[in-house]
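Structure incoming, see below.
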Amino acid sequence: MIIEAIKYMFLGMGIVFLFLYLMVVVLEWQHKLLLKYFPEHFEEEKPKSDRRERLKKVAAITAALHHMRNS
Amino acid sequence: MRRRIIQFLLALAVVMIPIGAIATVSHMTKQEQPVTTQAPSSQEYESKSFTEMLVNFWKQTGIYAILNPQEGVKNARGDEITPFQQSVGRVIMIAITFVLFYLAIAKGFEPLLLIPIGFGGLLANIPLANIIGDGGFIGELFKAGIENELFPILIFMGVGAMTDFGPLLANPKTALLGAAAQFGIFGTLVGAVALSQLGIFDFSLQDAAAISIIGGADGPTTVFIASKLAPDLLGAMAVAAYSYMALVPVIQPPIMKALTTPEERRIRMTTKRKVSQLEKMLFPLTVLLLTILILPESSPLIGALTFGNFVRESKVVERLSKTLQNELINIVTIFLGLSVGSKLAAEYFLVPETLGILLLGLVAFSIGTAAGVIMGKIMNKFSKEPINPLIGAAGVSAVPMAARVANRVGMEEDPTNVLLMHAMGPNVAGVIGSAVAAGVYLSIF
Amino acid sequence: MRRRIIQFLLALAVVMIPIGAIATVSHMTKQEQPVTTQAPSSQEYESKSFTEMLVNFWKQTGIYAILNPQEGVKNARGDEITPFQQSVGRVIMIAITFVLFYLAIAKGFEPLLLIPIGFGGLLANIPLANIIGDGGFIGELFKAGIENELFPILIFMGVGAMTDFGPLLANPKTALLGAAAQFGIFGTLVGAVALSQLGIFDFSLQDAAAISIIGGADGPTTVFIASKLAPDLLGAMAVAAYSYMALVPVIQPPIMKALTTPEERRIRMTTKRKVSQLEKMLFPLTVLLLTILILPESSPLIGALTFGNFVRESKVVERLSKTLQNELINIVTIFLGLSVGSKLAAEYFLVPETLGILLLGLVAFSIGTAAGVIMGKIMNKFSKEPINPLIGAAGVSAVPMAARVANRVGMEEDPTNVLLMHAMGPNVAGVIGSAVAAGVYLSIF
Amino acid sequence: MRRRIIQFLLALAVVMIPIGAIATVSHMTKQEQPVTTQAPSSQEYESKSFTEMLVNFWKQTGIYAILNPQEGVKNARGDEITPFQQSVGRVIMIAITFVLFYLAIAKGFEPLLLIPIGFGGLLANIPLANIIGDGGFIGELFKAGIENELFPILIFMGVGAMTDFGPLLANPKTALLGAAAQFGIFGTLVGAVALSQLGIFDFSLQDAAAISIIGGADGPTTVFIASKLAPDLLGAMAVAAYSYMALVPVIQPPIMKALTTPEERRIRMTTKRKVSQLEKMLFPLTVLLLTILILPESSPLIGALTFGNFVRESKVVERLSKTLQNELINIVTIFLGLSVGSKLAAEYFLVPETLGILLLGLVAFSIGTAAGVIMGKIMNKFSKEPINPLIGAAGVSAVPMAARVANRVGMEEDPTNVLLMHAMGPNVAGVIGSAVAAGVYLSIF
Amino acid sequence: MIIEAIKYMFLGMGIVFLFLYLMVVVLEWQHKLLLKYFPEHFEEEKPKSDRRERLKKVAAITAALHHMRNS
Amino acid sequence: MIIEAIKYMFLGMGIVFLFLYLMVVVLEWQHKLLLKYFPEHFEEEKPKSDRRERLKKVAAITAALHHMRNS
């Protein structure tokens, strides 16, 4: 049975590597394709965290005011 | 204060003295009154004296059940439960659940799972109660989501919706580290079979395979495979998997340090390429197509994972994505935890196999970590871009703990070397890797 | 506007005149055409004339069904439904559900439960529809969570996660008030049996026990016990329990005032001891251990309650705690309400037992309140620290309404005497107390 | 980079060469080795050589299954699946799901439904996997909520809780536009039957009725009726309904413009009357009472819709209303979408009927739109207050898309003429209208 | 069968119209009744969006402050 | 049967009291134990409602500003 288990080990690791290796290949190929045909998707995007940004500003201003008020 | 005590001792005496008296007598004569079932239904209740009522009550207390275990008793699910399991066994299991609570709360070990699992275990060890059986609430939850694999699948959807595969896309080749770490699974399979051949354990090939999946360091995959291949071992396997996932910061660093030189641990990795939203959106579809072509047996797990991730990255169904990441996964986590915990009943957990599972699970984790690191060393040697072998340890999955550990060990050598995002690549690849390994097992057995 | 009316009256005439004509004829000849089932499936639809179609349609309207009740008809669940229940009964029940809506919305009586229950009742009284039967959506919800006790248990988890047992821990001895108030349950049991002996009602011992649990003033416990011991009485019992819980501010104050002197109502209680987070965290485990030792039959209810509370107080699984307190309990409340409401169908509710249940429920509430207050007076006499007997009334549970009522009645005497937090102790102890009482019943029957 | 490739090509060769060799041989000899079931369980795994293992693995890949379709194979649900459906069919269906994703993401067509449906379809077309069968997770979801009609009903509750019927109450007579638009349903019924008589399609009267409900432009109603009257057509019907609902901005405007003059499209409607909260609260009860009296068969759908709306408008159970509108409808949308998607399996979708369904669905939509507009013209002629016929097109339901389209087409003629709120009246009436139409079908068949 | 379908068409449209027409009649009658017996429900309510109002004010003030600060 | 019911009443109330009385005893004993071995848990904790505190401050400041602005 141990021989059997070793066979399964080779089979299993083989499939796992095969799967993830193919995934790597496809992803790199896909990346090149996208870079070629949809270059606009890779441009620097405007940071979209406007809202968070604004919230941080509110906090910063408030903190400043609070500081002023307490001093 | 004292007055109150006196008053209630008085009241109590009325209740307790007859109970005590009857209890003693009952204990002395219990050989002559064989109790065949644990909860005898009292058909003709009209004719009972108050003393009889007290006796009946006393016999239905947990104290009595624990002090007076019976031969040939069956639990609520119809499985036999030995006198040892009925008495000391239950106490041991309750103590174990308290240890799980301690680890979860004081040590912060995977509390989201260990608290429901532990509490499920606590409830499963209550004598006479029918909580885990048919009609009991945990029994019903078990039927609703473990027997038909639904809960681990829904958890996987949530995991998919919560996971950003960006770091993997930024450096796809690190996925191979996630492949190497699955050697923890298949190496342990061989080890478990070898130990069974030597007579140390007694696992069938199928059981050994199920146990080895713990090396995948992935909770839902473990529950999924256990409920398919070895339902009896589900409790111990789930506890082992989640415990060792929680113990990653303890188990991994010594192995990582033993296998690498300080120079290797100081290797800086180059900045990764840009990842577009389009790539992120296509990723789950690509992975699912590969699964369809190569390993359809993995498609429930990988299908659920990629569905969750596609919902996330499509960016047009934000409310579904939020629900998958929050309400749905929380509800299912509670139900899954309680259901899995029901397998911590003494009659299922206090069996010789449990020790083997815990031991093999630890071995599997260690082998996986080592394999990941060694693969990292090999890749570093052959690759143009430098690869820090520490990130190989993150290949076992245990997202995001293992990646954080890789980062921390690296910072011990060079506090300015931030490996975190680099380690996330193999880390998420490890999730896919163990789902593939699970598919291999499902296609074999 | 008028033109439109003329236009549509014209169109309507085309439809209505034949309907009316047929209806009259059909009504006259209905003795000769016995309808055996309520919804005859039309097998050979090809050969029907338009008039026949209209007749068929007319016979499937609710108006026809209500105006033409039949003998020997069965409802969607296979239970017999008398002509009275088919016609006037349905109208009465629909009116009752409107009363429930009025109480819930205009008076604020437990709207979270009464609105789903009322709507379930409304849907359950629709003639010809199969909503509460097999395949109907409320029938499916009923199977999914009431028959197997799952919904009340999940509600109890949510209640556990929402309840702060701090006030009880700050003054544990007030738990005895929560014990005394359970006399509402057991006293009513004796009363119900006595009235059955006298021939006024006709309840078996088991039915009497189920009904008396209404005195526990706890919704999910009542549903749990009713679905186990007396499923036929579930609708009336749930309506009674939730209605009286909502009526606490009306029912309790007169009893409280009758049993106490103004001096007693003015008693100030001393500040309570400090409660640590560690104590709060250990509390659910302690209570569950006691349940295991003494009364395992209570463990589904107390197990769920303490699970929810442990999730809350462990402080490490905030997201699970939030889900238990919000999404899960909300979803289950909707499903439980609709399912319980299905027992407001005329054929289940308009039976002689209902009156008895409503009456006995009220008695049980009153006895419980009185027992709590009297116990408060006794404890005040024997205890070193002063105890305001009003907080004994909060022992019935009905959290947090009963505690608020105790506080308000106290303030009527002395507006500066805030009893709220002191009353919360017996209030939450009352929840445990009625779960224990439920366990006693389950161990007996 | 190149080194890595060389290294892995080497490793890969070890795996791939034998697979390739075996594959070729196996392909050549497959006529001699009939495979009776798709996933043969390997009983005596002990005696297999590594080559045999690779062969077995190869035979369980999706590539093999797609390249080697078999005669007489059954799918996971026990339904036959032709060789064409096993091979090219699956590829076509997978391509179709990608088109659905494209429409949902790039074009914003009903992404909340099309993404789960599309993904369900993708998973349903995986060879060898048992995802849609008994024990598979989508199969389990299907049993849990489509077979017993629960999911569409729960969606309807959420829709009720999300819908403000105020615009309808402000101008009730516009409900008649919502009635007229149901001619899309019944007109298509006649058309479908006529085409079947002519031998172009082959639908039974019942199938034709089911298909025509697509003209109601209401997703849950379509799923509800399909699962009752024509379960085999569920996939195509759901896809048609949701796709055409998404295509409303494309399908409706040409029809609307063809049937109206620019003057009619410029008609300004007068401001509507005030609506009180009390009216909004009574509305769901009124509609349900009418349903009970006239068409009890519609009560599951209208009952759920009015329940959700009553929870919303009662204003006293905000937390239940929020849960219906968010968590519950989100969870059910995911489950419903995946379940419905399972009917996009090639064996169910790639049948001649699908083309007929897609075609008839489009016809139904167009007829409904036209009928609404024509009714608007008639009402405008006979009513004292002016009615812009464009709002008639909103009577098909497809809330709120159709109302927005009516508004937009109106603005094209006169940018200051805001019809949106006026169009919401017929729009929400259309939802009730198609639920009534569904009830008519249920009472007939 | 086509005759059958046409009959069902008339039946179906008849019922749909009957239902929605009755609904219109009942709603208008109900409206009049409510207007007569509960006129107070139709009076102008005080806008209850206090909280949103206040949030908007916070935002406005913050924006103003931010503007001042940056200029 | 009424005798039976009375017996059950005594049994039931006995058990309820027994349970809650034992609970009281255990809780008080547990309290003493914790006080002895984990006294640090009973010390005054720092109020952890920082965030709410800060939110209140934001609100207060905003209100003040609003007041200033309107006057």
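The chains carry the letters A, B, C, D, E and F, assigned in the order they are written, with residues numbered from 1 in each.
As a working rule, contacts are C-beta pairs under 8 Å (C-beta built on N, C-alpha and C of every residue); 3 or more make two chains touch, one makes a residue touch a chain.
Values in this document were obtained by computation on a predicted structure and should not be read as measured data.
Two copies of one chain, chain C and chain D, form a contact in which under half of the residue numbers belong to both partners. Taking the mean of C-alpha positions as each chain's centre, the chain lying farthest from the centre of chain A is C.
For the pair chain A and chain F, the distance between mean C-alpha positions equals 43 Å.
The mean-CA centres of chain B and chain C are about 38 angstrom from one another, to the nearest whole unit.
Put simply, the C-alpha centre of chain C and that of chain E have 33 angstrom between them. Multi-chain contact residues, meaning those touching two or more other chains, occur in chain F at positions 1, 4, 8, 11, 15, 17-18, 21, 58.
For chain C, residues that reach two or more other chains under the stated contact definition are 8, 45-46, 57, 173, 176, 205, 291, 294-295, 327, 444. Partner chain C is touched in their complex by these residues of chain F: 1-2, 4-6, 8-9, 11-13, 15-24, 26-28, 30-31, 34, 38, 41-42.
Those residues of chain B whose C-beta lies close enough to touch chain C in the complex are 1, 3-4, 7-8, 42, 45-46, 56-57, 60-63, 65, 94, 98, 101, 104-105, 108, 111-112, 115-116, 119, 122-123, 125-129, 131, 135-137, 140-141, 326-327, 330-331, 333-334, 338.
Considering their complex, residues 169, 172-173, 175-176, 178-180, 182-183, 185-187, 189-190, 192-194, 196-197, 205, 208-209, 273-274, 276-279, 282-283, 286-287, 290-291, 294-295, 429, 432-433, 436-437, 440-441, 444 of chain D touch chain E.
By the touch rule above, chain F contacts chain B in their complex via residues 1, 4, 7-8, 10-11, 14-15, 17-18, 21.
On chain C, the positions that touch chain E within their shared complex are 8, 11-12, 14-16, 45-46, 48, 50, 53-54, 57.
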